[in-house]
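Input: one structure, supplied below.
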Amino acid sequence: MKSTVKEIAEGVKARLVGDGTVALSGIASIESACAGDLVFVENEKHLRQALESAASAVMAGEFAAGQAASKPLLICSQPRLAFARAAKVLCAGSLGEAGVHPSAVVHPSARLGKEVRVEASVVIAEGAAIGDRTRVSAGTVIGFDVSIGNDCYLYPNVTIYAGARIGARVIIHAGAVLGSDGFGYVRDRATERYEKFPQVGRLEIGDTTVDRGALDVTRIGRGTKLDNLVHIGHNCQLGENVIIAAQTGLSGSIVLEDNVVLGGQVGIGEHARIEEGVMLGGQGGVLPHKVLRGKGVAFWGTPAKPVREYLRELAALARLARKG
Amino acid sequence: MKSTVKEIAEGVKARLVGDGTVALSGIASIESACAGDLVFVENEKHLRQALESAASAVMAGEFAAGQAASKPLLICSQPRLAFARAAKVLCAGSLGEAGVHPSAVVHPSARLGKEVRVEASVVIAEGAAIGDRTRVSAGTVIGFDVSIGNDCYLYPNVTIYAGARIGARVIIHAGAVLGSDGFGYVRDRATERYEKFPQVGRLEIGDTTVDRGALDVTRIGRGTKLDNLVHIGHNCQLGENVIIAAQTGLSGSIVLEDNVVLGGQVGIGEHARIEEGVMLGGQGGVLPHKVLRGKGVAFWGTPAKPVREYLRELAALARLARKG
Amino acid sequence: MKSTVKEIAEGVKARLVGDGTVALSGIASIESACAGDLVFVENEKHLRQALESAASAVMAGEFAAGQAASKPLLICSQPRLAFARAAKVLCAGSLGEAGVHPSAVVHPSARLGKEVRVEASVVIAEGAAIGDRTRVSAGTVIGFDVSIGNDCYLYPNVTIYAGARIGARVIIHAGAVLGSDGFGYVRDRATERYEKFPQVGRLEIGDTTVDRGALDVTRIGRGTKLDNLVHIGHNCQLGENVIIAAQTGLSGSIVLEDNVVLGGQVGIGEHARIEEGVMLGGQGGVLPHKVLRGKGVAFWGTPAKPVREYLRELAALARLARKG
């Protein structure tokens, strides 16, 4: 969507230096910018490069305030954040027209909100409810009695199991599976065979492979982001603004408090608790029932320990091996 | 499905103490139980809490036999197992009506058994055969010449590649991919480029991402359970009652004997053999061609070793690091 | 497809010893071969077993040249490679008839090449372009403005996000998701909440879960093979003939040069560079911004180091633990 430098500056509360009538139509990195693009710089050393690029305007920190500039500057305290917000305006795509595609199969009892878009080959089961302005992309299947809030965006080929509750403004990427049965089995001591343990809990909100709770409810808090191929087991409770990178797995009944950050390929055993603000590095592992605590403390390794301790161990081992 | 306490007790062979006419309509955890729910307790310390809950009946071990109880008790030697079996009755959902949805595309040569349910947007290719009472959920695609047994449940958006053989009572969760080409390449020494090695083997039974065998058949035994995002390479042979937790990966030509248990994020190299009853902890790694043996022996770490040995190493390293 | 031994020998440039008129109709392993099958042997010790099998002909190395043989021999310097090429002829399935299934939904502005096959329930969005002879299998969804080259094969239930560019002869397996948004967030220091960082770059070529670039373009070179459940983050650049085994994850802005080989479950931190021809063993981990170099050098462990060094450390630790 086209905009002027002045409109963008006002929208993101940046201070404008230069010509506010310059037109913007997109965003880019400094290397790939064309005319019409907005770029951003976070520190002084990249400012010159930005100014010499083909971009039409530069978002920058206070360091740029006194500089002679050949382009309009948008000055603010968090240029990366302001740039992200400007992008929301400049890159806003059309969500497509509202309506239900004739090839979609929507059960007569399903309730669709206002301006919902249901694309081709979508299937919406009995009793499901879809909130206003939510988009359900092609090939997505929504199970019995699922409820989805307003302004959600479901990409293609998503599957949502029966009974899941999805809040508002949730984005669910292509191929994600939400609310499937937890992986719970009980062994018959007589026959030594496993039987399925009932999984009748219910998922509330989320955006990747998430098991339905085993008996109890699985909850995922507001603002939490789950990357590709993440596995969340049954009964887990995730707080707000939790970040989980790709391929990380949580077994059952785990608590992640607010603002926890997990790197990629992390594995966490059942009933573990990761307290507020803990960071755990990639491939780290946490044993069942373990508690990690310390706001802003970084952990690493398997079993996970404070990163300084872990690095000390790595160094000691390298020394030992060198000695032979 | 509604039932009485007496019917459930008889069905799971539990001893009834108290009023058998009480109606049951579901199961729950002690914390979330409502009237009509059955709950269970495995040890004495939770019995009181169960009796004070809103549940209508309690499944419990022999320890509860002599206790004064305000609710009907169902006493048996394996209460968790009996509870799981009771749940099968109380939570039995309708599988939906049999029939083929008009939007499904079923090749005229495909054979469907009795009371099969084929949902919207399903595609069933030439020569496929689907057993009696099997349910094929929306968006699932079944390839050329696939055979699926009786009483299977395929959730939405599953893909089954050509030629796979799926037994009876197999559950395949949403988004699973079965029988895809193995990952086999051969390098041309002259051009240094890779060419695809033929993958014409065939998958027999399974329930997650499973590669089709490279030349030979991939087999997965009865009662084996594979969690989310598991990868099984070509030519693997899995025994009966094997349990594999989420995100574990097996490369090609691996043998897992009966009753093997693998934790999450385990990785196993090609041609390794894990013998009967071995347990391998989460994130453990097994080198190619390696053999792990010992019924009931737990292994951990990469390369995997008996867990006691592994813990001794962790402790020795921690001591060494403290010494500096 | 049926062929004679002579035709196959000529096609793969093998030297024929014996009766060239023998008919071949498939390939097999020595253990499972039937009449009509071609098998191969790479060393002398399996030759006898191959000759005694039910196969109709044997592909073998020069070691077989002087041997008395009861079956036709196809002799060449790289029998595994020649066998793979023979398989392409003998196992060539029909790609199915060209045409658009009536249940597919193709936007009027989409351009389809010659002899394209679009199966049931496929959705192709506005502005997409599909090359000649490309097959789009059932349930696949192709986004706005995607371009796909000639002779590609998309298996069922694939999703390709808007704007991706896929080259020629690319194979995309079932359930793969290409070009989805990168996982990029920026934290507002004032509110301590995360906001989405714009992801407007574009994917070029690839065949598994591949994030769309964050601002810049993600490129995957010719001949590169990605196994199941691989995650490639935004802005990664993969060279030619790179091999990545299952469940490996790359975070953002990583460079893998030509001929890199990554084992399964490897994790690589952002901005790392793996130089030409490096091999990294399964479950290995590379820290952000790290560089691994050495053509043909094998690395292992987390953090990854040359395999000899790593094995020395494992041995030193085992000795230390034994001492107590």
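Every chain is named by a letter (A, B and C) in the order it is written, and numbering of its residues begins at 1.
What we mean here is this: contacts are C-beta pairs under 8 Å (C-beta built on N, C-alpha and C of every residue); 3 or more make two chains touch, one makes a residue touch a chain.
Fair warning: this is a prediction, and the values are worked out from it, not measured in the lab.
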Inter-copy rotation, subunit A to subunit B, in degrees (Cα atoms; steps of 5): 120
Same or different contact residues where subunit C meets its copy subunit A, judged by the half mark: different
Where subunit A and subunit C are represented by their mean Cα positions, the distance between them in whole Å: 28
In subunit A, residues with contacts to at least two other chains: 103, 121, 139, 157, 175, 229, 247, 265, 283, 317, 320
Contact footprint of subunit C on subunit A as seen in their complex: 26-29, 31-32, 77-78, 80-81, 83-85, 87-88, 91, 93, 101, 103, 119-121, 137-139, 155-157, 173-175, 223, 225, 227-229, 241, 243, 245-247, 259, 264-265, 282-283, 314, 317-318, 320-321, 323-324
Complex interface listing, subunit A residues touching subunit B: 103, 105, 121, 123, 139, 141, 143, 157, 159, 161-162, 175, 177, 180-181, 183, 185-190, 192-198, 200, 209, 211, 215-217, 229, 231, 233, 247, 249, 251, 265, 267, 269, 283, 285, 302-303, 309, 312-313, 315-317, 320
